[in-house]
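Okay, so chain A shows up in both of these, paired with chain B first and chain C after.
Let's look at the complex of A and B:
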């Protein structure tokens, strides 16, 4: 198993790297189920969360992962930091790194920031926890892991990603990860919520969820931001729900065992009906639970000792 | 102003290249003007400075239609002095300073301020005045007052004049002043929020894009307004195949339009943004390989009249921000000639036409800059070694800023000497003051 320095994009891992992470995750799922879910794998290592954009869920998930591996954690958030006093991004990164950190978990509203942080970092590993509309690789990894848990493999599965693809870092990483593992991906969205160009994307496109729903093994719904109406991308939420929402009626078109997924937080009644989100085939809370184990695997892969999990 | 007590300068052993053609000849300069052009000239003065030009082209100085000197207001990025030094090292004897300063160049007093700063500069500094007050696009700036101070070019560069009726009035008003209006073509409602060219790369990189059509819409509109008013229009930094085709057709139809392109639009593409380095952020944005080919074709067939640098210095910290927060722009004065010689498959005379006499004409500088090398003409010259190979090293540049996207790139062709009003301001690639 090679030890990459950073995790910026799903493409940094490739199919083999994703499989490596999933195998590691298996071990850490087991750790998480113990009475005392903690191992000393990263004792003495320091993991800092550099969150320039609010995200309680992802930040907590990484923090929990780091703590279960016995790493020390530090937390940097914009509201309490010198960024408000005009410190430049580069100065912030260099200052924090000078304190001696092993990994920086970076979330930023601007696409590409983790790449810049990685370019400025001297020795630490950078993990992209979401950059603008661009990528969210650990989300894609936990999505892959969740599907694999239910279906053993993604090979040959048909996965529909539904909703605001244009503004979605989850969609960009998921398309890369799902297709790398052999699934065929269909993007279902109104044209205004698709990227301007899909050249080079390993995915098909549809504007008809009714037509796609019966064929897919997984339907992955994206969160719809309410401000999209102001940008003339959609006429109304009501029309969006009627055409692209997983309503009760539309959920009946799904195969019995089709998985329902969502990166959260869910807009119940908009992209998905409340009852549908609670169906047995909905694995939305599973995704959250697996998030911790997947992030343990990623942290261990990047800054672990490199020896094969002699931790349990 | 010619310095009358300076020593003679003899440029020896080069090939004179100007609008009339090329011929091996020495050039003797006395009292700020060309005293003789011909074979085997003698300095005739013991104190004369002799500049070697063996293997070099001796040309009228280059003229940049599009320079951001940042003074007044943004002196941390550039000053008239540092920018003019960069210009001289790039072979320029005249630059047009863009008006998006702070305060903007939208009144006679700011025009005077910048012209005064230019008196001691290492190249001639002319200014472009703003079309509208504060470049805000709502009220005409006092163009006649600025034209009286010698301003020949007006633009709100950085933004285009969005209101079609206002642009029409500006063209009509300008027609009495013997000046040219220059447009930064970008329809803001369509471009809104764009950080790079909209297409395959912006989609993949998750950055909001500006479609080529945002530029083309305004080119099309201004061609219509040019037809309506009969007033000349100059198009700044055209970057798309569609814009260039529109201008090609307009020229064929006889409209009085001229156009320029920037070196980065024939040397870089949107794929260069993939590493998210804001040094590659510029407006208009880097486009596709198809657009790059169209810019090259436009420069070759005369659709584009000039190469203009859009030299846009920014301090390092401004470019160390997230891509979507960094200001657009790249420095260009010290690399334009080398990029043109390296990347354009054109003879040196055609390249110099695009960099010297054609822009001089658009800027209204003919007679002072870009003129043929004949006895009596002002000695604003540059000597170019078209075969010299060099590596671009931003840290050694004369510009105050370092936002150069060509670090480490190997270029062929470099300025050896630059002569401003008879004074060698650059000798063997070194600025003399």
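Let's look at the complex of A and C:
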């Protein structure tokens, strides 16, 4: 048997790997549009989602993706599991793997947990569905795909990522993916919501959204992660919205064809005005739809195709 | 998938060495004309007909058949293409990736579908295609047109319209392309 292949970080793929996933996603978008959106490609395979943290869209998206590929799915959630009785992460993973699974989709509040799970895995593929503030590679893939769908390519685009960069695994994976595909990325956030060090981030930084907004082709708004904020990082939500929110007034500064994106869940009225989120050039629901097709591509590449991902 | 591509993809990865030309481009053109007539004759016209080429080798043949049917009957029948990668039975045995996307222009329920491929060999691609077509509606009938039937079937599948019956050895390869027609050759390992 070949080495199990994992998708832990967007850097596992590189620019070429991201392009491979996007090409394959085209086929799965077609599948998703059919009357019967299901193919037998992963019949007999089992995909388990190990979610140690709450999630609606990522979990359902992976589950839908697996089911449309005819894989069997198992769900694990901490609140109803033996973790409550004190079972360790390692024992949990080994128990689940002993039942014979082909892929484990892992989300955990601790950065690096998917790597640890991959090291324990004895043959199943591990997919990082978000680890702490660190990475969320499938989100970055679906974001790239959504932009490519609207603009053909990311090459030369100017993308602003706005908001809570500090707590955002989406931002980290997106910056790496967007820049790998040739876009230039500007992070817009108050100093308290930037990571302590930006060394190694291929991005510029700005604190003035009014200045950045007219120049960018894509505005990517992040959710203000109030559940992760233990210190007083912001004077008030209203002040945040006034300076960094995509309000109706600020949306007028954007280019006519600038895309508005958000990884969800959206705090309407905080990082984006409700009315702006529903505009035609807002592709927020398209991101969700593409998420299923992208995850089908990732699952098929890892446990179905037998093709080596462009892993370096 | 065209045989040539399959033979050249890993893990096979050989080199195609042509040995004999079996049909020249004119022969292929005449065969397409004849098959177009046969398709119209068998179906008493073009009502409800849909041509679907299998990616990638069957797609150019399907489009030429549709042009020929148009010249004969004056009707452009709907033309689609199908990639069967996700329906193959050798997923897990060899690398499988779609070569191109699928485009089925109409709901197939009640239609007569003519599947088109360049070479019919084991019949496994056609089996996968039959399953795939099922997901696009319940066709009234599915027929099969191939440029070359080279034998060695592993499934109970037979073509309805054939350009040429070509007896081959299992280890030979048949290449069909617009420029050279039909060429029989061998795959030499690299």
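Everything that follows uses one rule, which is that the second predicted complex is superposed on the first by the 296 of 312 C-alpha atoms of A that agree within 3 Å, B and C clash if a C-alpha of one lies under 4 Å from a C-alpha of the other, contacts with A are read in each partner's own complex, and residues count from 1 in each chain.
The rule is simple: contacts are C-beta pairs under 8 Å (C-beta built on N, C-alpha and C of every residue); 3 or more make two chains touch, one makes a residue touch a chain.
Note that the structure is predicted; figures quoted are calculated from it, not measured.
Novice: Aligned on chain A, chain B and chain C: do they clash or fit?
Specialist: When both complexes are placed onto chain A, chain B and chain C end up side by side without any clash.
Novice: After lining up the shared chain so the two structures overlap, which partner does A:132 touch, if you call chain B first and chain C second: first, second, both or neither?
Specialist: first
Novice: How many degrees, to the nearest 10, separate the directions from chain A's C-alpha centre towards those of chain B and chain C?
Specialist: With chain A as the vertex, chain B and chain C sit 130 degrees apart.
Novice: Tell me the contact category for A:26 with respect to chain B and chain C: first, second, both or neither.
Specialist: Once the two structures are laid over each other on A, A:26 reaches chain C alone.
Novice: Of chain B and chain C, which one touches more of chain A's residues?
Specialist: The partner with more contacted residues on chain A is B.
Novice: Using the touch definition from the top, say if A:304 reaches chain B (first), chain C (second), both or neither.
Specialist: Touch partner of A:304: chain C, not chain B.
Novice: What is the contact status of A:164 with respect to chain B (first) and chain C (second): first, second, both, or neither?
Specialist: A:164: touches no partner chain.
Novice: Of the two partner chains, chain B (first) and chain C (second), which one does A:113 touch, if any: first, second, both, or neither?
Specialist: After superposition on chain A, A:113 lies in contact with chain B alone.
Novice: Thinking of the overlay built on chain A, is A:35 touched by chain B (first), by chain C (second), by both, or by neither?
Specialist: Second partner only.
Novice: Enter the shortest inter-chain Cα distance between chain B and chain C once the structures share a common frame, rounded to whole Å.
Specialist: Least C-alpha distance: 31 Å.
Novice: I'd like to check the shared interface: which positions of chain A are touched by both chain B and chain C across the two complexes?
Specialist: none
Novice: Note which residues of chain B are touching chain A in the complex, please.
Specialist: 198-200, 202-209, 211, 275-277, 317, 320-325
Novice: Taking the complex as given, what residues does chain A use to touch chain C?
Specialist: Those in contact with chain C are residues 24, 26-27, 30-31, 34-36, 38-41, 69, 300, 304-307.
Novice: Applying the document's contact rule, which stretches of chain A touch chain B when the two form their complex?
Specialist: 88-90, 108-113, 115-116, 119, 131-135, 169, 172, 195-201
Novice: Give every residue of chain C touching chain A within the complex, in rising order.
Specialist: 83, 85-87, 91-98, 101-103, 107, 131-132, 135-137
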